[in-house]
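Both of the next two complexes hold chain A, though its partner changes from chain B to chain C.
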Partner chain A sequence: MSLMNGDLFAPYWILSGGILVTLILSMIRVETKRPAQISAITTLLFTFFAAEGQWGVSTTSLFHGAIEISSFGMMILILLCGLGILFCVGSSRYLTKEGIHYSDYYHLVLILILGSSLMAAAKDLMAFFIALEVLSIPAYTLVGFRRNDSRSNEAALKYFVMGSVLGAFYLFGCAMVFGATGSTDMSAVYRWSQQNSRPELLFLIGHSLLLIALFFKVAAVPFHFWKPDVYEGAPTAVTGIMASIVTVAAFVGVVRIVHLVDYQAAGWESYAMWIKSSLRGLAVLSLGYGALVALTQTNLKRLFAYSAIGHTGYLTLGVLSSLTQSQNLYAIWVYLIGYSLMSAGIFILMGQSAPQADAGVELIDLTGLMKRNPLQTVVWGVFLCSMAGLPFTAGFIGKYAVFTAGIDAGETVFVVIAALCVVVNAYTYLRPIALMVMRDADPQAAQWSGSVASKTISVLIALAVIALGVLPQQFIVQLKEISLSH
Partner chain B sequence: MIFQLWMPLVLAVMIFLIGLMGVIFRRNLLIMMMGIELMLNASNLLFVTFSKIHQRVDGEVMSIFVMAIAAAEAAAGLGLVIALFRTLKTVNSDSIQLLRD
Partner chain C sequence: MENYSYLSVLIAAPFFLGVLSVLSPKSLQRSYAILGALALFLVSLFLCSNVLFSTTPGVVIDQKISWFPAMGLTLNLRLDSVSVWFVLLNAVVCLLAFSLSGVWNRKFPRLFSFLGFSMTGFLNGAFLCTDLVVFYIFYEAVFVPMILMIGIWGESTKAAAVFKFFLMSLLGSVLMLVSIFYLMSIYHTATGRYSGDLADLITVASKDPNAQWCFFGFFLAFAIKVPMVPFHAWLKDAYTMAPMPATLWMSAILSKLGVFGLIRFVLPLFGAPLAEVQPLLLGLCAVSILYPAFLAIRARDPKTLLSYSSISHLGFVLFGVFSLSPGGVAAAVLLSVGHTLVSAGLFYILHLVEVRRGGLRLDTYHGLAKEYPLLFLIFFGFILGGVALPGTANFVGEFLVMISAFQSNPVAVVIGGLGVIFGALYLLRFYQRLGFGEVTGESSGRDIELYDVIVLIGVLFFVIILGFQPLWVMKGNGT
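Up next is the complex of A and B:
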């Protein structure tokens, strides 16, 4: 263990340095946004390749065990940098259309990515909390980015109040875990659980508070109530960031906190049962609620917010199956990578499709799109099919992986419930496709505005979603090698 | 009565609950933010007390981190409250109901 090992921490140093450069550029050149945008994209590219160069690194802890450099952390960093590049390139025209193209967007996105990637690297509950706040504070600001629009402000404030309260829950839980185990180091807590055969009440309350805070971040029912409002009020590009980058980070957090103790250790059987039944409850409620409420939505952002609650349910099923066999964790990563790609694509495309500024896309706006713009319709179709989990898309591979993992872990009943929800979800996602293809064109409806670069980005994401669905083998093999260290 | 180490623990839990009640039952956004600060400070008290019980300085260091983060969070939150006040002319959470099903 070393205090600092500069080489290994390099990707995070590059990202941090890039944040400062972008911040300075956004301050000195206020009339044009290009320098900040280019600086942000360059930073993300450099970080991407630095992280890619460290793929397969042996697990090393830095800063007295607060941060851990591992393949897992690098995988998350690579994924988040890729998503960040998509948003930095793909949403500039949308932001201009809305009149909110400030340079601050780019450094806020970079800070958010730094926080999210450090959440995957943190091995100490306090470092994890700091990463969580580094992620949350830019997220609050970004949600309120349309600062002259009261809906955006309201969404930001709701998110802020809920997020801060749950941040305080996390902290209180963290203090209790510290009180029970004498350390906030995750490895030390894990070892404590192996040596201590009787879970203390103090630890149980603390761990539950930590779990509540994290399940709030992923919006599992009954902690979901903020999600539709925040998704609707936020600018569309930011909704995309919430649905992809923040979801990835939050689920990484859930996995870390759930796996804080050794459930196979002697004396922890009843606690493992309790955690499993809570996860089952959360999964079933999220799946059912998300599937049913999404059916009646007419605003596309709200529709995808409720469907995101449903996706949280599938992912919770993955977390549940990883409790029995920790190699099942790969299913969560497969699902998360596919889901984050398709939600990034769908929200970038939605930003380009909005009929006028200051309005979300309503379902009705898509009517007859096929006649006006076949390529755009195909891209929409790919994303919607992937969300529904049709074969040959990334969404299908994710659901397949989660269901296989669930059956492996003996959760057959819950896999059957999830499969029923897939059927209900299919109606939600295929209805827009039917509207686009079967109805006549409506002159008032959605356009495809956007620069060539941002249109290309949407098409490329659609191709990536199909590529993951057609050739998943190599990709799954790589992900199976990734394991969490304790 | 002699000071004992369980006393600050009970106090911390009480302060946390008072803060939570403040967030849930008060309608003024600024008071709600004060409630959040109370909850964070209750966690600080808990950290410092456990630090004393375990005879380790970890918890005291944590409380300094928490103060820094609480300040950053309050800065972001106050900015959002001001932006909201500019558009809606109110800081009452009951009158903020544009987004709902």
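Up next is the complex of A and C:
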């Protein structure tokens, strides 16, 4: 116990130290961004390898049980560092083009990753809250990064107000859970649920408030309304961070909070039913709403915002099936990894295709891309096919895992609904492809304007998406070994 | 005698050829693609020869490759007396489609040969896999090159066609996927391990009370793919908007994917639910013969006519499949072979005519027999195959499927049998309109070229030889 095992915390120490270095570097030389960028990438690389070195570590509690070092936490940290590197390398040209290439971007991304990864490691509701805020505050700042743009400001304000309200919800829920169980330690709450044969009303309300706060973060319908505006208003690179890093963190949070109690414990059957029905409702609403509203979008960022709401639905289905059999949790990780990779790829690519500064990419900008830029078309095609869940892509494997998990958990009806939403979604993702290959080029339209680094990054992500789809075996075996400790 | 480890070559070779053709020069794409397809055909013939020429019925070649065991997926490939024909036809159709000159001198010739080869590879995968999820993956992947072909080289108003085709097919196939997952899940509950293999899933499918729902999922997927009549809404747009090679591909081999799926997966998995709805299914087959036949009679555009004619004749194939008797299924395979060759030949000829005369309308173009006599002679051979004249494979096939289905639902067979007459009506009228009368319009180009003659005569030769030797196809299938 306690600080004696401090070296196990090394990846987080490295990350925190790197944040300070990056912050100092960004203040010393304001006009060049290179030092901060290099420092951020180096930090992420070191953290990545430190975390990888701890892969398979036995689960250990630190800081009096507030933080837990486990394979699960390391997996999330590795994933987030990887995504962070992609964004730090891939978005500098975009930021310069927009005139918002401040070196603060890099340490804000690092802080955001620290918060996100601590959410996976937190084992105490209060530590979890702190991690959530460490994640959220840089996110608000990044969303408002285009400070002269009213949409960006609006998005940041909206996100901030919503986030603060949900923070209040969370704290209120925490207080109630503490009132009912006498502890904010997640393990203690879990043990309480096993010993206490009857869920109290106070706990039910508290737990529901916690869940509402987290489902706000993942933007499940009916808690979704901030998402399209924030996605549209934020700079494209930041939208990508929202869609990948923040989504991963938020779903890790959902899984943690949903699994706060032992649903198999005696006396908790009706409680499990209640939570399950709520999750079913959220899943169906998100799937249906996300799929239908995305159909008519013409702005690519809004399109992917609504499609993200749909993906939240699939992931919620995964969470739902993990309630019945906790080994189904792997489906969520498979889906999340694939989804976060392709989201990162899409937004990095979108940053490169934006026609001019300060404008979102409209669907119409992709017209005739095939003639102008075959490679970019292929990369777009890979990401869109993966989003649609076509075979040989990471998206297919994710849907495969979630659907199998859902049927194993006995949620066949909801899997059928999700499968029908796949068809509706397919139309959404086919539309950009159709525009790219079927129409002739508009000479005024978007060019491939990224740096060599960001082009390479998007091609690499596309290859990774295909690799996960073609050779998923090793990857799934690793993920199946990860379990959530209580 | 079995070459265990070589079946995967059939899936890998087309992709290899596709990459090779991308690397070869643009101006020679057509020749490279044709050579590649020819090589593929020879390789397929060689690998299939053990099954094709074996004297004992029921020979199969198996190859098991572990692909994704964590989720129970293995690349179990099986070449049996049914799939051997589809694999061979696949290579033949690839050769025929690449031989059409239409797309090559337009945009992106390299992409076209790459898409064509990769589609052939995916089709081979679907024809060989016995693991249902892997089958689904290949089955679904076939769409991607196809919609791209329609999207890139299709007529100007193709967007609606692409969406309709893609979304309807996807609707069917995702429900099939859910059914597959359901079967896998009950197998998992029963045995504690995941498997998507047909042989494993058969053991649980027959006992499950929800099997009829799964049957519905599978049936819908394949009925949309073939297509059967209430599910044919995508057909006209997709067939007519697609460039001719893609139409040829769809009509000749993609539609057989549905037939093949029914024979290989639905028949063994869902015997009981099938037997219950058999009369209804045969009735639907009769409708799928007659309704498109009427539409074909009304058609003013030869491509539409041939498209409807194609699905009308596929109704007969389905008669054989849903007769649920070994003989009927064997006849369905024979008729599939005949149908593939004949409809590929007809679309091929239509393309040759179109290249010479521009877009065709039945009511305005006449007199092709005078201009291109040799082309029209060969055309006549295929029309006779199309109307199932005795002496062609199609005659034997249609005759046998009707006999097998007659025992189950005589009314449907009698009504559906009228389709033979209507078929003769529209095809012969088509031939007569196009061929005879005074020459109209600008003529261009010479009569049929030697290469096309060789290809078409070769195809026609097999249509006729199988009419006299139908047992070649049918002997392995239980008759």
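Convention: the second predicted complex is superposed on the first by the 484 of 486 C-alpha atoms of A that agree within 3 Å, B and C clash if a C-alpha of one lies under 4 Å from a C-alpha of the other, contacts with A are read in each partner's own complex, and residues count from 1 in each chain.
The definition used in the following text is that a residue touches a chain if its C-beta (ideal position, glycine included) is under 8 Å from a C-beta of that chain, and two chains touch if they have at least 3 such contacts.
The structure presented is a predicted model; accordingly, all values stated were derived computationally and were not measured.
When the two complexes are overlaid on their common chain A, residue A:V437 makes contact with chain C while staying clear of chain B. In the superposition on chain A, A:D229 makes contact with chain B only, while chain C stays out of contact range. Judged by the touch definition given at the top, the superposed model places A:L171 against chain B, while chain C stays out of reach.
Of the two partners, chain B and chain C, it is B that touches more residues of chain A. In the superposed model, A:M242 makes contact with neither chain B nor chain C.
Common to the chain B-facing and chain C-facing surfaces of chain A is no residue whatsoever. Within the complex formed with chain A, the residues of chain C that make contact are 67-71, 107-108, 133, 136-138, 140-141, 144, 147-148, 151-152, 154, 158-159, 162-163, 166-167, 170-171, 174-175, 177-178, 181-182, 184-185, 188, 194.
The residues of chain A lying in touch with chain B in their complex are 126, 129-130, 133, 136-137, 140-141, 144, 147-151, 153-158, 160-161, 164-165, 167-169, 171-172, 174-176, 178-179, 182-184, 228-229, 232-233, 302.
Touching chain C in their complex are the following residues of chain A: 370-371, 385, 390-392, 396, 400-401, 403-404, 407-408, 412, 415-416, 419-420, 422-423, 426-427, 430, 433-434, 437-438, 472-473, 476-477, 480. Chain B contributes residues 12, 16, 19-20, 23, 29, 32-33, 36, 39-40, 42-43, 46-47, 49-50, 53-54, 56, 58-59, 62, 65-66, 69, 72-73, 76-77, 79-81, 83-84, 86-88, 96, 98-101 to its touches with chain A in the complex.
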